[in-house]
Amino acid sequence: MIGIGVIGFGYWGPNLVRNFHEMMDSRVLAVSDQRMDRLALAASRYPGIGIMQNPSELIRSPAVDAVVIATPVSTHFQLAMEALRAGKHVLVEKPLAMTSEQSWQLIEEAERRHLVLMVDHTFVYTGSVRKMKELIDAGEVGDLYYYDSVRVNLGLFQHDVNVLWDLAVHDLSIMDHLLPTRPRAVSATGMRHFTQEPENIAYLTLFYDSSLIAHIHVNWLAPVKVRRTLIGGSQKMIIYDDVEPSEKVKVYDRGVTTESQQAHSEVVYKMQMGYRAGDMWAPQLDLSEALKTGARHFLDCIARCEVPVTNGEVGARIVQVLEAASRSMRDRGRLIELDTLKVAA
Amino acid sequence: MIGIGVIGFGYWGPNLVRNFHEMMDSRVLAVSDQRMDRLALAASRYPGIGIMQNPSELIRSPAVDAVVIATPVSTHFQLAMEALRAGKHVLVEKPLAMTSEQSWQLIEEAERRHLVLMVDHTFVYTGSVRKMKELIDAGEVGDLYYYDSVRVNLGLFQHDVNVLWDLAVHDLSIMDHLLPTRPRAVSATGMRHFTQEPENIAYLTLFYDSSLIAHIHVNWLAPVKVRRTLIGGSQKMIIYDDVEPSEKVKVYDRGVTTESQQAHSEVVYKMQMGYRAGDMWAPQLDLSEALKTGARHFLDCIARCEVPVTNGEVGARIVQVLEAASRSMRDRGRLIELDTLKVAA
Amino acid sequence: MIGIGVIGFGYWGPNLVRNFHEMMDSRVLAVSDQRMDRLALAASRYPGIGIMQNPSELIRSPAVDAVVIATPVSTHFQLAMEALRAGKHVLVEKPLAMTSEQSWQLIEEAERRHLVLMVDHTFVYTGSVRKMKELIDAGEVGDLYYYDSVRVNLGLFQHDVNVLWDLAVHDLSIMDHLLPTRPRAVSATGMRHFTQEPENIAYLTLFYDSSLIAHIHVNWLAPVKVRRTLIGGSQKMIIYDDVEPSEKVKVYDRGVTTESQQAHSEVVYKMQMGYRAGDMWAPQLDLSEALKTGARHFLDCIARCEVPVTNGEVGARIVQVLEAASRSMRDRGRLIELDTLKVAA
Amino acid sequence: MIGIGVIGFGYWGPNLVRNFHEMMDSRVLAVSDQRMDRLALAASRYPGIGIMQNPSELIRSPAVDAVVIATPVSTHFQLAMEALRAGKHVLVEKPLAMTSEQSWQLIEEAERRHLVLMVDHTFVYTGSVRKMKELIDAGEVGDLYYYDSVRVNLGLFQHDVNVLWDLAVHDLSIMDHLLPTRPRAVSATGMRHFTQEPENIAYLTLFYDSSLIAHIHVNWLAPVKVRRTLIGGSQKMIIYDDVEPSEKVKVYDRGVTTESQQAHSEVVYKMQMGYRAGDMWAPQLDLSEALKTGARHFLDCIARCEVPVTNGEVGARIVQVLEAASRSMRDRGRLIELDTLKVAA
């Protein structure tokens, strides 16, 4: 039985508590939050649980084997480091930390102590993303041409991070999982519309060694919720629409045929590239709650001393892209090469 | 009765011929195209019409008062200049020319000769765009925050211009019409996936003097057709979805309330910005064919010696943005300031 | 504090327990279910709660003031009667009972004992239905022409009742709430596709004194979930689509204009009726959980000795239509007049 | 070269003229319409064509080999009979005639004179219907359980026929083509909402020898256009949505598994029927204009002395169902057995 302590009982914390509560091999022992009303809610839902305002108290509790951190980003590093130093496994909400430097410190601390450090990149554990990985890894999609994602809604403004850190982090984690290569450079643009608030709309282009191009559009001020990704390859194209109640992943047997380019000449005009329009196919997806799958994976990694799929290094890579993107955005699109040395280290 | 000659009977030409054919005060006298099969098709549909391979023959024809040019972009300048010099009014397909320099030569030629020079920015004449202009001009939308457009499909590759010139030109013409200010700088990214072909996917950010930001995503390689624009303002938000059979324009009474920011403090956290979620409203739109409205406008401008809404200067402004965007794209997002002197001249 | 006992912890029971658990003025004291695994689940989620297999034990428990029944339809009458006779208020899942005769016995028992008898016609408590009632009552829709509902999905087959009793009951409860008049006669058709199972697809037409016509299509074997109602009136038309994440209710300013019929003659052909196509409007809806609103209403009725909106008589009227419809369906559409005496009594 | 005369240049006539005009082996020689403005329009579009108000003149014209009738239903019989008696092949708009008696007279006349008599059941010639026929004939769908179609819009009221004859005729022609058996009985309900006008909303159930059930909902007064058919079988389910711009036919690998019914007992409850939820597949469809395919087929049948797919007998069968349905509708759902003798004759 793995003892779990959850820090933060705001928007996402209750889902974490519920999932770990319903696992057979874990028990949520304590919940910590600065707000008394949130603690009262936790106590009403889970009568036997320990509640406390001070997260350090939770971290020090000897029965707690693993600490789950669901607090604002700016507090991740300190809480995670404290938990690791106390010898606890850590599951931290995305993004891992405010800087890649902090991220690497956490990774090193976890490695030194042989503790599990996992980032809750939830989407990686959805049936949709797992199915797309299957298809891409099997070569079904062919050479990847582009990855384009839109993630907009009328959302909760964050105040400690811009919209990239809040929303694009999801796309970056999915891309890190799905795409065979790592981005080499980024160019981002964006805008803040409220004084003293971070950027609430942003556009991020990622460049790779190949001709793959990726783009993410995030926005806290959109009238409707859109969660739509287009993936284009030489063999197939995918639409992943997470707002759809079913058929979230559609695979299109469509593309360009270029064989006739052999006959290219000045005379042949607009005709040398053909279009292939074939069937569409929407595979049945595993509809289990992603967070349950992720929580299950965290417990398994602890029990088996294994490295999680969304481990600290994944988290650090994504923080590094977010850092570079924020820098590029401040310079209105200036290309920022990603420092690959650290990642490779 | 205005005599019309149409050069180019490919994809769009037949629509132009049909519309001018059905007007009471114009008559299509001649069609020109290099391809004999296209000329045969034109002759079969319009038995009385003159057909010819040589566009100069059409331009020189004395009964032709106005020349409509629906050929590849690279030929626009030469054909339009020839027509203007022959004293003909000109309606040219978008974009006006390959360079802003060429565009300005055409404008000057037309002005010198008191001829109508109009660019067929068709979307400006749709009921959807006209309704949005009405709403924005009346202040319904409030201060503009962003303009975001996606225009993708599995489309005909162009070979003489990249995807910006083919698809983003539509968005630029709509924005030029709708937005109260002109862009100051652009940053664009994109990629070509086929050797010797131009970029087939592109992302373009436009900066303005205000905090307005605009973004256009165009792609010739998408599995489905998307034509969706989000416009965000301080009072209302608009979704303009041209693929919808009806209700193409939806106006959302949604936004952010910031008055509670008065109570801002370190302790109040994530709470000082409220969200306003109100009704949605889809105004009834004029569903007339936009090209018919545009063709009508062209004839009216000729008859009344008036300047068209989408005149040469509009066309030149858009060509200038396309030039700058293409340059930025080659430099992977480098910011290009738009030279405003010429436009102001 | 009102003590609640919930009988049945299958599909819907957990939602009832959750809602009454989170109310300030009620406490769920006991849950009963024949299945030990369901009781174990209830105990794990609500550690302090009493669990028991025998519903009579729950009903007899002195601290239980109100009994909530979420069991198969065939058991409703017996359990509800036992609870009423034990002096308990009763909230019973839809439909109220297997026959209108049983329904009337329950009504009389509740009246005699001054107990609240409420049927959980949940949809009546949704923001969507409440908004539509507002619009219809205010005369916005004009004279009602038709009410057409489709409620299909790949659903759980019921074994004790046909698909009308399982799905159409929702539409009948919404119609009973929204429409100003009561149906006079029904004609139903349907089919069973599995031996020894009840009808799994059904079509039900309801006739009224006016020219209003209503129709319900229900199906347990559809590939997708559809929840769509069209309401046509002389002034406006409504689409109520419960599968939509937002904009569930759309009001169309569309209809027929008949004034030109004055000019009717043999010569005027197909032209005397005009079509009015105006704006569409989607009012912002209260998105609170309907069951919470319903549970709140049940507790209020108990506290204030008031009659619920969805009281026993509403439940009985709907059971009567279901009886008549089932009879008509067995006779392949034979018209069944609804006996209005009993309802009026 | 087959000489074509088209009677009626209203809503559909222009499409017929256009298609026969563009065929290589036919020529439209004459158009007839009572309205001078329609004839003027025809003359302007097709300068060389003969125009006349009197259809008999067109029918008598010796160069006319085939007469195409696109007039109100009430005139079909007389015009078609006149054309057949004049030795002309006939393509008549749906429905074939006002009564099945008239239909059989036309069939006999055509047979006696070895002339082609075809009904323009256009949908039968769409890529969508052809693909569904392929799937059903190949046994992909399994045993057919139900066929359910909704065809509603804010449409042109007809004055000589009710909404079944105007809209349901499409569904009946598709069903006649797709389904392996013929309906045995019908029950219909409906309503008229405007004095002296025919029923503008109708519901029609069709019964077969098997457990197949079919239902059609048609409505001239709906706020939006819906064209949606659900087909349920023991192996697969189909959604055919003709309003979708692409992916009009979706095939769902979903259904019910009943093998576990072996373990059926009183104790096992709601568990003996399983649900199978598999992939969805949208086959690429031939998107050619259906009317072009139909017109091609008509010319081929003339040239090869063959019987059209949508011949007179198909037309008569459908008229017979419409007659029975109208009768049932007047009696509010009374079951009408279809007289099968005549059809078999």
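Labels for the chains are A, B, C and D, by order of writing; each one numbers its residues from 1.
The criterion applied here is as follows: contacts are C-beta pairs under 8 Å (C-beta built on N, C-alpha and C of every residue); 3 or more make two chains touch, one makes a residue touch a chain.
Treat the numbers as computed from the prediction; the structure is a model and nothing was measured.
Comparing mean CA positions across the assembly, the chain most remote from chain A is D. Taking B-C and B-D together, the pair of chains sharing more C-beta contacts is B-C.
The geometric centre of chain A is 37 Å away from that of chain B, both derived from CA atoms.
Averaged Cα coordinates give chain B a centre that lies 52 Å from the centre of chain C. With centres set at the average Cα position, the gap from chain B to chain D is 41 Å. In chain A, 224, 277, 280 are the positions where the chain touches two or more neighbouring chains simultaneously. Those residues of chain C lying in contact with chain B across their complex are 247, 253, 277-284.
Within the complex formed with chain A, the chain C residues making contact are 22, 44, 47-48, 224-225, 243, 245-246. On the chain A side of its complex with chain B, the touching residues are 72, 145-146, 148, 150, 152, 154, 156-159, 185, 187, 189-194, 197, 201, 203, 205, 207, 211-213, 215, 217, 219, 221-224, 230, 232, 237-239, 250, 252, 254-256, 258, 269-270, 273, 275, 277, 280, 328, 331-335.
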